[in-house]
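The following pair of complexes shares a single chain, chain A, combined with chain B in the former and chain C in the latter.
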Partner chain A sequence: MLRILASALFFLLAHTAFDSPANAEGLADALSGFAKGSYAKTVDALAAVAASGDERAVDIVRALKDKRLYYTKADGKVYIKDDSDTLIDAATGEPFTGEGPFGLKQVRVNNRVRGAIEAALGTLNLLAPDPARRLSAAEAVFKSRDADSLSAIDTALSKETDPAIKRVLEQARAAIVIADKEATEEDQLAAVATIAGRGDEDARGILTTLPDDMPEAVGKAAQKAIAAIDQRLAMWSAAQNVWYGISLGSVLLLAAIGLAITFGVMGVINMAHGEMVMLGAYTTFVVQEAIRTSAPELFDYSLAIAIPLAFLVSGAAGFLIERLIIRWLYGRPLETLLATWGLSLILQQAVRTFFGANNRQVGNPSWMSGAFDVGHLTITYNRLWIVVFALAVFAVLNVILKATPFGLQMRAVTQNRRMAASMGIRTPWVDAFTFALGSGIAGMAGVALSQIDNVSPNLGQGYIIDSFMVVVFGGVGNLWGTLAGALTLGVANKFLEPYAGAVVAKILVLVFIILFIQKRPRGLFALQGRAVES
Partner chain B sequence: MDWVRGRRLLSGAVIAASLGLSSVAGAQEDTIKVGILHSLSGTMAISETTLKDVMLMLIEQQNEKGGLLGKKLEAVVVDPASDWPLFAEKARELISQDKVAAVFGCWTSVSRKSVLPVFKELDGLLFYPVQYEGEESERNVFYTGAAPNQQAIPAVDYLMSEDGGSVERWVLEGTDYVYPRTTNKILEAYLKSKGVADEDIMINYTPFGFSDWQTEVAAIKTFGSAGKKTAVVSTINGDANVPFYKELGNQGIKAEDIPVVAFSVGEEELAGLDTAPLVGHLAAWNYFQSIDTPENEEFIDQWHTFIGKDDRTTNDPMEAHYIGFNMWVKAVEKAGTTDPDAVIDAIVGVSVPNLTGGYSTMMPNHHITKPVYIGEIQADGQFDVVWNTPGLVVGDEWSDYLPDSKPLIADWRAPLSCGNFNTSTGKCGGETAN
Partner chain C sequence: MTATMLKGLSRGAFPIVVVLVALAVIVPILHLWVPPGHALHIPTYAVALFGKYLTYALLAVALNLVWGYCGILSLGHGAFFALGGYAMGMYLMRQIGARGVYANPILPDFMVFLNWKELPWFWYGFDSFFYAALMVVLIPGLLALVFGWFAFRSRVTGVYLSIITQALTYALLLAFFRNNFGFGGNNGLTDFKDILGFDIQSNATRSALFAATAIALALGVLVTAAIVRSKFGKVLVAVRDAESRTRFLGYRVEHVKLFAFVVSACMAGIAGALYVPQVGIINPSEFAPANSIEVVIWTAVGGRATLAGPIIGAVLVNLAKSYFTAAFPAAWLFLLGGLFVAVTLFLPRGILGSLSQGFGIVVARHRAVFAEKGMSPPHEPSDEPAPAASESHASPAAPARLQTAPAE
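And now, the complex of A and B:
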């Protein structure tokens, strides 16, 4: 049905000149199918409307797509509701006047109908002026593999100038020819070669589902092509695992890097670290909410606004925590652990009370939605930007530690507190600001995580264990260790996942870390020197 | 992961102690107490808090109507803090200390399993409002959510039909715990009975709260490009859904190509999500907020007034509580007492209106009759019903598709009074599937 519809619509566009008044009655007949309230009838009506060759057909299909098509059960009339909510008689194109109509019902659309609409409109676009639309149309024709659209493809091929679109059209043609019983063996062999050139899963799908009664030579060529595609796909899947690993690693890095400061550099076991991340995510929510209500045009910049704010909010929270709680507990790790743990529960429940227990919606700005392909690798923009952001945060933090007076003081205090104090450094304030810095970075991580995870009071809980794992594995007190640790764990996890499943992969990684820590208690990059001895 | 458990335990203790949620001030003798056992803190608070609120609303409404047996109803709210052992403790407290007449509560299957011994020992009544894996029927529990045959099987049937896209290849994607595992076991057996080949079924599990779906979504994409129409049946739980759908949207998997039908995603879960890329993905429930009946409209209005916010959604477990509470009220009126034994005898056969324009009846197996709806996600976060069962479906506690439970039936009426009667051996206490 879909195929008939697709080709019918194509002809409609290709030969718009060919509609005649005689079809008006056919259109009215076809339209009555929409008023039956069944998906099958709707799909049939769609095909009939397209086949009627009436120039109003495109409008009707579009209206159906946007759910602007209505009918009355009593007399079976079909109406289009336009943007200004006026009803137009679908058969005549005249605006509806007078009382009623009563009992107006929307023509229902489900996946099946939507698929039919998409394919139809896609085929329409084979000759569209916009190359992007032509490309997706060609892909749609390739997917539908409909013998009836062969002539349409040939027409499009003769006019197409863009080599990329032309290639897809040729592949679409080959996909039809290969299944055509009448085609010569020569043509079929050429078709196998064309499809094999595509080299992706779709091509493999076509070649593996070839009927058994193919000529032997064609069957053999197909087998060979499948083997070649498999080999290529295996390579790409390895590349894909590396990318997914880096992307998971960057998330781990973001979550852990603040902890690398508070736990790694200062030695404070901060169980409320995850809640600092959560505060950052909620800051993003508040910022987006404010933008939505007062300045919707700024939505694409919401993250840029949220990042410094999240740093300030979480940083301030961290500063208060250090001043009010942690500074009384230095040198007592067990009490610190319990106190910060209690604090994490208080923060979670506070957020739950204030914002509610439900997830909050944080939208993706347009530049963080969607994906692009590199070869057979799909890279999503949100993951890409998070990798970039994680590396940027890492770089900036390194600069702060290595090249600013504050970083110098920080390092001095951690390496030898008493010496630093006697040199005139106000160690309590350095402690407070270091803790605030670590917390603030956690808040920035929250902005990034709000793009891929739930913004809920439990957000932090999911990352706290992973963060500690990364810091301990990478080596306490070493930023580069955190980077290496995060990326190693991410890539290892993603290579294990396809074989072992997500649950077992996680267990295996945990076992690996335990064994590794037995061998190297100080992690990948162990700190040398006096700080360690004490 | 003992660490995590310890954490939750403490969280429960700290919060319960500090907020004193479990104490009810000014308890009077002439009230009937109703226990509400839903997590108000911890991971499950996201789903369960709403159910506590809807129970409070139902009790308030009943009191406005004059109470029950001439007495006022009084809600006793406790917070089990998403901590399974704490559920059992709180249940014991409700029954033996607060002397509640019935308890409405639990969400996860593990919390239900943890309170079961308490309800059996102290002879309490539990109304459980959430869809679950079946394979259970207890004298003291009333299952007002869907059994697998009231949700999973009709959903698969729809996808196999021409209207649903004639799906031939299936991905069963779930969170790794008892509900998805049992449901998928049933579904796998069902699909095979329908002639689906082994290589056309892919089953995958992920941990709770999983957020990095890249590999899984890529695997679904690959699995779906084998030339046969593919669908995903998702039993992914709660929080993990949002990142899953985001990844689907980002990797460009559209519902027309590979539809996802979910059993744990309702209006509430979608509220935290931009649904524009998800239009057309499906959910199977016994109720949708968008269902247009006068009962439902009234219920939604009352809910908005009660909660004071017009954008709060209603969902399937809320309707289950609505049905369960009204059934209990009717059974108590019928029995003339709140005594659990009398109510258990009286409630079988009780029919009350549901919110979708029909009546639901309590069956002898302590499950209820429900209509099944398949809805497609719309851009506004609501569901558009695309298919529903022609009549009501009786909840089937022991699945017909698992060999071990096939001969089992439950009937709590005298003289059988048995939750797992084996029809092939004629004895009560047959083998259980898990």
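And now, the complex of A and C:
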């Protein structure tokens, strides 16, 4: 049955596309073209083989490509020499046994034949059993717009059942039709509509490179389609910028939120905040190392283990810093800034001494690697999880501040320290635990950042200025301000990047913040209350 | 002006100026005319090294003017230093002329390398030393004027100001790292040949640069002393200790701060300009925020709001840095970090401040003894307007003091 169908196909193809003598005897006859020793006949034979639909066709064309195809002049038989140098009859797939064959010659290949080989492979792929290969072959035809593939596309269209592949095939067909001088205006209009439906850069490329002598209606339709595609593309690129911006913003939020708490409640500028982030990242590294050596099957849970540990490690470090250094410096914010800067140097050097100055390898668990597409947008899982994580941390922190006794005390101290003290709140302990909380959150941020950044002793330094900008921009003592500040700066940065480049975008954002502070020295969401007047 | 400067000379500044001028004379003599084998000979590397330290000292003196006497903690003074350095570097680049690798008489090598055809407009004029010298002062001064005008006018104070000055130098760092910005990008400006026609590597030029740096430092101390001892200086200190009160007394606090900030930036620019020919390179890493913070620690170690403190601090810390980064590279950051913590915790007035405080106690006892004996003590007016004790607030639990005045 297949034979007959393939022969019929070839018959059809031979007439429409290749203008070669009709031959209805199937693969064996198609193969005889290879035995003629002329390039033109070889090309014809290739097309015939490709169109035959026989499952051996791919092997034959591959063999020709690799110069493993031989023929004998005497009986016109064609053989494939396989890797172990045994000859296989191309028509039947049986290994050749016995004496001979005599007068074996290689089927020669020149540039024209090579082109035909690629086209034949493309056609064969269009009919391949594997849907992924069919799809990529259809895409390839769409990009090449090779008029010779038209018949193959039609064949494939008639057989295709997968709607997604069918759509691409139709688009590929339209791309060929639209360039075809002999196609009717109606067909061309339909083709423009089909291509416009694709709506990406490639479609736009095809429509903009149409020749000038198109019928007027087609030209107009193409112009309209281009405008529509442009609008669509602009929308997608805006969506992409927003997504990247949110992704960057969530990283900033994670890095800055702990800082916002310590700065907001205690008015303390913690320059060692970045190092708390770094400690969290190194905690992740240590956890993963331990898992690798003792229990590799737990690797996917490494982050779940690292997050509370990082919180504890950085939180404890923060608690110690507050008790040992910062509490002696209250009321002297500038000195606090200097002392914590010194601390950051010490912590960096300590980590460098202990873990080495090089980047440390922190792996992505399986559920954080990979990506998926939404329309024209590619979203990687690690970025997505970081956004989710940042928002979760934000939400939990809000609950702590609003719904726990500790949060109540913290807010009281933020708004009016003396009054809070008079009401019996132990402000020094609130300070210490607030600092520990802020540092612990920085540690958790470090776990997240270890997934997208290099884990090195300098990890924290890269984020410290950005985090300050977020806090200063968003306003002190207000978590929503931090959220708004982080997302605004993230999105603004990513929107500026395509026009100005990454570095200039960053400079522009810094300049913008410097100017913004002129207008609102207390940030976007200024804190109301006595603290402002102190 | 001269009169005020001389008045400045009369008190604490006098010994410093004498020491610096003596250094400016003696070091070149010992370097150039004492034969190398001699015990008193100063080798070339030492002249270059201490010349560099003195430029750092001038930078610290500049910072001290705003931080020590006016309470503005600038974490971006390295930016003014580097801008002055770049202005000098541009002059030195133009002096190379056709001796560069690409032998282009006009364009510096890196521009030829980037395939630039003509000199960018902002490089015009830098073939003249006087124009470059003007720019050394003018560009940091203008930046400080514009930046300070915006910042002080809207009453950005305390840590907020510190952070945006840090953002300023960070933004400049990023900008100067770019190749198309026109300042040599990552590599900066280097391979200098001569300055004012003298070979920049020769011993005589090095000695001259050292002497010039010492003199500039002496002038910097004089200017600081003149400002601090003038009536204006009293207002400056008043702004530091009680900004709102000074404002309510009718002083234009913004103008006072702006003046000090601009003068300080110009000084930092001059320091940078003297730094570049002595180290032979200027690159964007000079803008790194870490550098600017290091300047703060020099000043703090030596003693802020003292005339000699910043000089002593800059030289001591950098000596230690040179020693430790060579001998125990890993230990240096521990030490520097520890210095930050220790000085802020235990020595908030710095070495000199603590010494003079101790001296003050001795004098007070001395006087008390005289008073007991019924004699009038020798008149000894307190010299330095040291930082007021009120700055470390009475209540240790008070929140950060972010000075603001009620909204207008």
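A few points about this structure:
Definition applied: the second predicted complex is superposed on the first by the 307 of 534 C-alpha atoms of A that agree within 3 Å, B and C clash if a C-alpha of one lies under 4 Å from a C-alpha of the other, contacts with A are read in each partner's own complex, and residues count from 1 in each chain.
Here is the rule we go by: a contact is a pair of C-beta atoms (placed from the backbone, for glycine too) under 8 Å apart; a residue touches a chain by one contact, two chains touch by 3 or more.
Quick caveat, the model's predicted, so the values are computed rather than measured.
Contacts of A:Val177 after superposition on the shared chain: neither chain B nor chain C is touched. Contacts of A:Val430 after superposition on the shared chain: neither chain B nor chain C is touched. Legend: residue contacts after superposition of the two complexes on their common chain; A:Lys506 is shown touching both chain B and chain C.
Contact with chain C, but none with chain B, is seen for A:Gly267 once the two complexes are overlaid on the shared chain.
When the two structures are aligned on the shared chain, A:Val251 is found in touch with chain B, with no touch to chain C.
In the overlay built on the shared chain, the residue A:Trp341 is in contact with chain B and with chain C. With both structures placed on the common chain, the touch criterion links A:Leu515 to chain C but leaves chain B unconnected. Once chain A of one complex is fitted onto chain A of the other, the partner contacts of A:Ala90 are absent, as it touches neither chain B nor chain C. Contacts of A:Gly462 after superposition on the shared chain: chain B is touched, whereas chain C is not.
Once the two complexes are overlaid on chain A, the chain A residues touched by chain B in the first and by chain C in the second are 341-342, 345, 348-349, 352, 465, 503, 506. Listing the residues of chain A that touch chain C in their complex gives 266-269, 325, 327-339, 341-350, 352-353, 417-418, 421, 427-428, 465, 468-469, 472, 503-504, 506-507, 510-511, 513-515, 517-519, 521, 531-534. Chain contact summary for the complex, chain B toward chain A: residues 3-4, 7, 10-11, 14-15, 40-43, 45-46, 49, 162-165, 176, 204-207, 209-212, 214-216, 218-219, 221-222, 225-227, 239, 242-243, 246-247, 249-252, 255-256, 259, 268-269, 271-274, 277, 280, 282, 376, 384, 386-387. The part of chain A that touches chain B in the complex is made up of residues 39-40, 108, 110-112, 114-115, 118, 200-202, 204-206, 208-209, 240-241, 244, 247-248, 251, 341-342, 345, 348-349, 352, 356-361, 363-364, 369-371, 378, 380-383, 452-458, 461-462, 465, 494, 497-498, 501-503, 506. Chain contact summary for the complex, chain C toward chain A: residues 73, 147, 150-151, 153-156, 158-160, 162-164, 166-168, 170-171, 174-175, 177-178, 289, 293, 296-297, 300, 330, 333-334, 336-341, 343-345, 348, 391-393, 395-402, 404, 406.
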